[in-house]
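Order as written gives the chain letters A, B and C; numbering starts at 1 within each chain.
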Amino acid sequence: MTRGERKNLRTGLLFISPWILGFVAFTAYPLLASVWFSLCDYSVLSEPVFIGADNYRDLWQDEVFWLALRNTVVFAAVSIPLGTALAIGLAVLLNQPVRGKGVFRTIFFLPSLVPAISLAILWQWMLNGSMGLVNEVLRPPLDAINWIAGTALQPPDWLNDPSWALWGLVLTGLWGAGNAMVIYLAGLQEIPAELYEAAEMDGANALRRFRDVTLPLLTPVIFFNVIMGLIGSLQTFAVPYILTGGTDGPGRSLLFLATYIYQSAFDYWNMGYASALALVLFLLILVLTFVVVRFGEKRVHYAGR
Amino acid sequence: MPDADQRPRLLVLALLLLLGAAFLLPFAWMVSTSLKPLNETMVLPPRWLPSEPQWQNYPEAMRAMGPFWLYARNSLLLAVLNVVGTVFSSALVAYGFSRIEWRGRDNLFLLLLATMMIPFPVVMVPVYTLFRDLGWIGSFKPLWVPAFLAGAFNVFLLRQFFLTIPRDLTEAARMDGCGEFRIFWQIILPLAKPALLTVALFQFMATWNDFLGPLIFLVRQDQFTLALGLQNFQSMQGGTAWHYLMAASTLVVLPVLVLFFLAQRTFIRGISTTGLK
Amino acid sequence: MERSSYSIRRLAGCAAALIMPTCLAMAGTAPPDTPTEQGRAVVEYWEKWTGAEADVMRSIVDDFNRSQDRIFVRMLTVSRIDQKMMMAVAGRVPPDLVGLWLTHLTSYVQNNALLPLDTLAREAGIRGEDYIPVYWEMCRREGFLWALPTTPTVTALHWNKKMFREAGLDPEQPPRTLEELEYFNDRLTKRRPDGLLEQVGHLPQEPGWWMRDFNHWFGGPVWDGDKRLLLDGQPARAFFQWAASYPRRFGGEGMNNLRAAFGNFASPQNPFFTGKVAMVVQGVWMDNFIRQYAPPDFEYGVAPFPALAVQQGPPVSIAECDLLVIPAGAKHPKEAMEFIVYTQTPAAMEKLCLGQKKFTPLREVSPEFLHAHPHPYLPTFIALAKSPNAQAILSLPTLAEYSNDLTTYISLVLLGRMDPDEAREALQARQQKALDKKTARWDRVREKRLAEWKTRL
């Protein structure tokens, strides 16, 4: 290296030294320690004791783990497409020439800023089986259907019914679609108007314009959002935790991997097991992100490629 | 205006109104419940509006919750510290990753990006034991010291922004014999004000909303943040006082709303730029 | 123009320069552990009670603080106290004194989170013979004393006399066997014209606080006290079968529908008060809540909750107690113990228990206590507590996991969504494994701990 290069190296490293320190203390060390803890029986109140791969073996046979895994994946698999569709839909609506766009944009965006605790408390009340707002809104249409079709449909007791609790949580998540909507809106505004005009002249109606112009040009943004959404939703903890009061929800339907990890660590004081679970979660995120990236690489359309 | 134009416009407006109402309803419900007397909160069928707004629910809720203002002060304290720490350290690190050419820089940056995929639960337990061994459990330190060590996301954001600043500016300064830090402080930072503001805003929100961190690292009740204090309130025995709970929840949301209204454009711009670059 | 903007910036800079260090200073340190409050040693006391129950303890604390000038006890109401205490001990910042439920005592002991009180208790003259046996025994583990009891309870059947009358049953004759209870249940159940339930005689979920220990009314334990769970034994079998009979009779959805309209326990909409459920298992505190929330003409009776007909012998009940413990690493253990000893004196104990409308864990009580006590059925509760069949709640080292699992499985069985035997076997398999793990962990350190505890304080 030349003297200049060496100086630059030194300066560069100096500037990024806070991150290096943070990386070592809060990423590298914990990752390694996690691996070590996952091979131990550790309760924090006493020393870790090496037990080999026992935690992983137990994990494999632990039906609650598989349930938590299933809940986590199902939740992500449902809320990401729904959330994306909703966010794009809202963005498309807001991209039209209508009055009061700013107001609507605010209304849609605001819920995504609400702290988890307020959100959870609010929705715990909204999803109440008999006295909550959601069922209050659902009852009239269901009663109408009942009257017409002679059925006896009742709105579900969301938070006490194992089959419906997860959907209640999905609903809660959809309320925060405004965050992604803003990104899509920005993406939509980058699409040159000429493309739409050209498509119109070719005789394409609104739906076809959406499918052939809008969607392909949005794919980079969708790609980014889906990956961010994936990483985020696989770590869901706060809202279900508060919603269920720290338990697992009816029939364990609201037990997610992150919740199970927290429970194992700080309720059952099995920190070795919790570390094993956490590493599995990490693996899950890596694998799914890889899958999405691979899938996306072929489909994402980059302007100018 | 031709008819064909009006119909889609009306349709869009109608949809927006419908969806807008759906999105607004939970807020309205929260505020309306917070103003009801207790016996009107749990009725069948549910009431939309209180018979008489019970404004006193708010001070009563604050009192019932415990040291409300102490919790608020704690939340604010942590938010301020995190903002200061994040803005400075992220800017420093982002500068190092963007405005100086050095060997291994881009590989190290890839490493930084990769760390964004590591979920918090993986590092949760070892970080907890680390803080425990340092004797920091029982103080606020675990909740603000890491902010001074530059989180990956903010570094990413700022680096992208710094890259858009023309090279010539810094080259000229270097020719004049200016030190790197001076260039950083006097040239780049002032130009990056909008991006820094965005980072500050997001960090404030993130810290204000943070739940898991305080849940794990705060043990003493007098150090609780609003989020934790509210959860404490929620899980107290003796039945749920929904009117108080909603009032308290509204109070916790309020600063967020106020901040949003003051800094709307920055918020929106910040979110859109993260998604696109 | 420029000058004013410059001075504003300077002002902002100064403000920042002042605020920042203050923030850092405030945020860097834990609240100062003022070693003395007006010159006294401060005992930090975390208590789980809220509301009126907390107020009673607070007055005892005040009495203690007034009675001497060396120690100041500072009481704090803490929610989720089990978890908070463990986190405080694990984080090495424990309080000096904690008011816990009995539930997780074994777990704390095995995790070495508490201070053994034997020496301190002996020096203070505390003797086991002064206590009702079940309450003294429940404070002991591995041969050491870990806690002292404060306010006890046992569970008993509470029934709504008016509903009995309306159903044609003698309001003074409660069911004496579980089979009779089920017969009464049928008599007391009413349906609306559309088929939905209007009221029922009994629901296991109401309140459902003792599912873990319900097996005692079916004849036996679910744990051998050491290494093995006995969920394949007859009592567990019978209990799960009994639970499964409910969705068959009422329908899982039917019960859910009925329960959706139940109000909170501590409110006038408590289903027992509103006549939705005629018979419940409850503790000695129930009278208090009835006075507060039930309609003024509410008539109720108390009797031992019935066991299976084949069980003869003294009445069965579940006994629990609130405890005072000293966490390991407490800074003022001796002072904390002084306060605990104070609460154990007959005068303080009676004041506390009278204030919370419970009986005392002490064998002897003064006649004034009995006379002044508002609870009409206190002698029934005391008799149940002294009965040889008063069973302390399950004291598994894996109680948290067991509880969680049991709740899940039982709720599925009660909804009619899971076969009872399947649920029971799954519970046995999972929890036996969890127990084995904890047993292994404990066996590894047992000798060391016992030796350590012998030499402690």
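The rule we apply is simple: contacts are C-beta pairs under 8 Å (C-beta built on N, C-alpha and C of every residue); 3 or more make two chains touch, one makes a residue touch a chain.
Quantities reported herein were computed from a predicted structural model and do not represent experimental measurements.
Novice: Please indicate which chain is farthest from chain A, where distance is taken between mean Cα coordinates of the chains.
Specialist: When every chain centre is compared against chain A, the largest gap points to C.
Novice: Between which chains do we find the greatest number of C-beta pairs in contact?
Specialist: The chain pair with the largest number of C-beta contacts is A-B.
Novice: Distance-wise, how many Å sit between the C-alpha centres of chain A and chain C, to the nearest whole number?
Specialist: Roughly 37 Å separates the two chain centres.
Novice: How many Å are there between the centre of chain A and the centre of chain B, using C-alpha atoms for each centre?
Specialist: Their C-alpha centroids are separated by 17 Å.
Novice: Two or more other chains touching the same residue: where does that happen in chain C?
Specialist: Chain C, residues with two or more chain partners: 80, 87, 90, 261.
Novice: For chain A, which residues are shared contacts with two or more other chains?
Specialist: Within chain A, the residues that touch at least two other chains are 44, 130, 246, 266.
Novice: Please set out, as single numbers or ranges, the residues of chain B touching at least two other chains.
Specialist: If we look for residues of chain B contacting two or more partner chains, we find 42, 44, 132, 216, 235.
Novice: Under the touch definition given earlier, write down the residues of chain A that touch chain C in their complex.
Specialist: Chain A reaches chain C through residues 41, 43-46, 49, 58, 62-64, 129-130, 154, 157, 160-162, 246-248, 250-252, 263, 266-270.
Novice: Which bits of chain C are touching chain A when the two form their complex?
Specialist: 80, 83, 86-87, 89-90, 107, 111-113, 256-257, 259-261, 398, 400-401, 404-405, 407-408, 411-412, 415, 417, 426, 430, 433, 437, 440-441, 444-445
Novice: Applying the document's contact rule, which stretches of chain B touch chain C when the two form their complex?
Specialist: Contact set of chain B toward chain C: 42, 44, 77-78, 80-81, 84, 132, 135, 137-141, 144, 216, 219-223, 232, 235-240.
Novice: Which part of chain C faces chain B closely enough to touch in the complex?
Specialist: Going by the criterion above, the answer is residues 19-20, 23-24, 26-31, 50-51, 76, 78-80, 84, 87-88, 90-93, 261, 263-267, 269.
Novice: Which residues of chain A touch chain B in their complex?
Specialist: My answer: residues 1, 5, 8-9, 11-16, 18-19, 21-23, 25-27, 29-31, 33-34, 37, 44, 90, 93-94, 96-100, 103-111, 113-118, 121-123, 125-126, 130-133, 136-137, 175, 178-179, 182-187, 190, 206, 220-221, 224-225, 231, 234-235, 237-238, 242, 245-246, 257-258, 261-262, 265-266, 271, 274-275, 277-279, 281-282, 285-286, 289.
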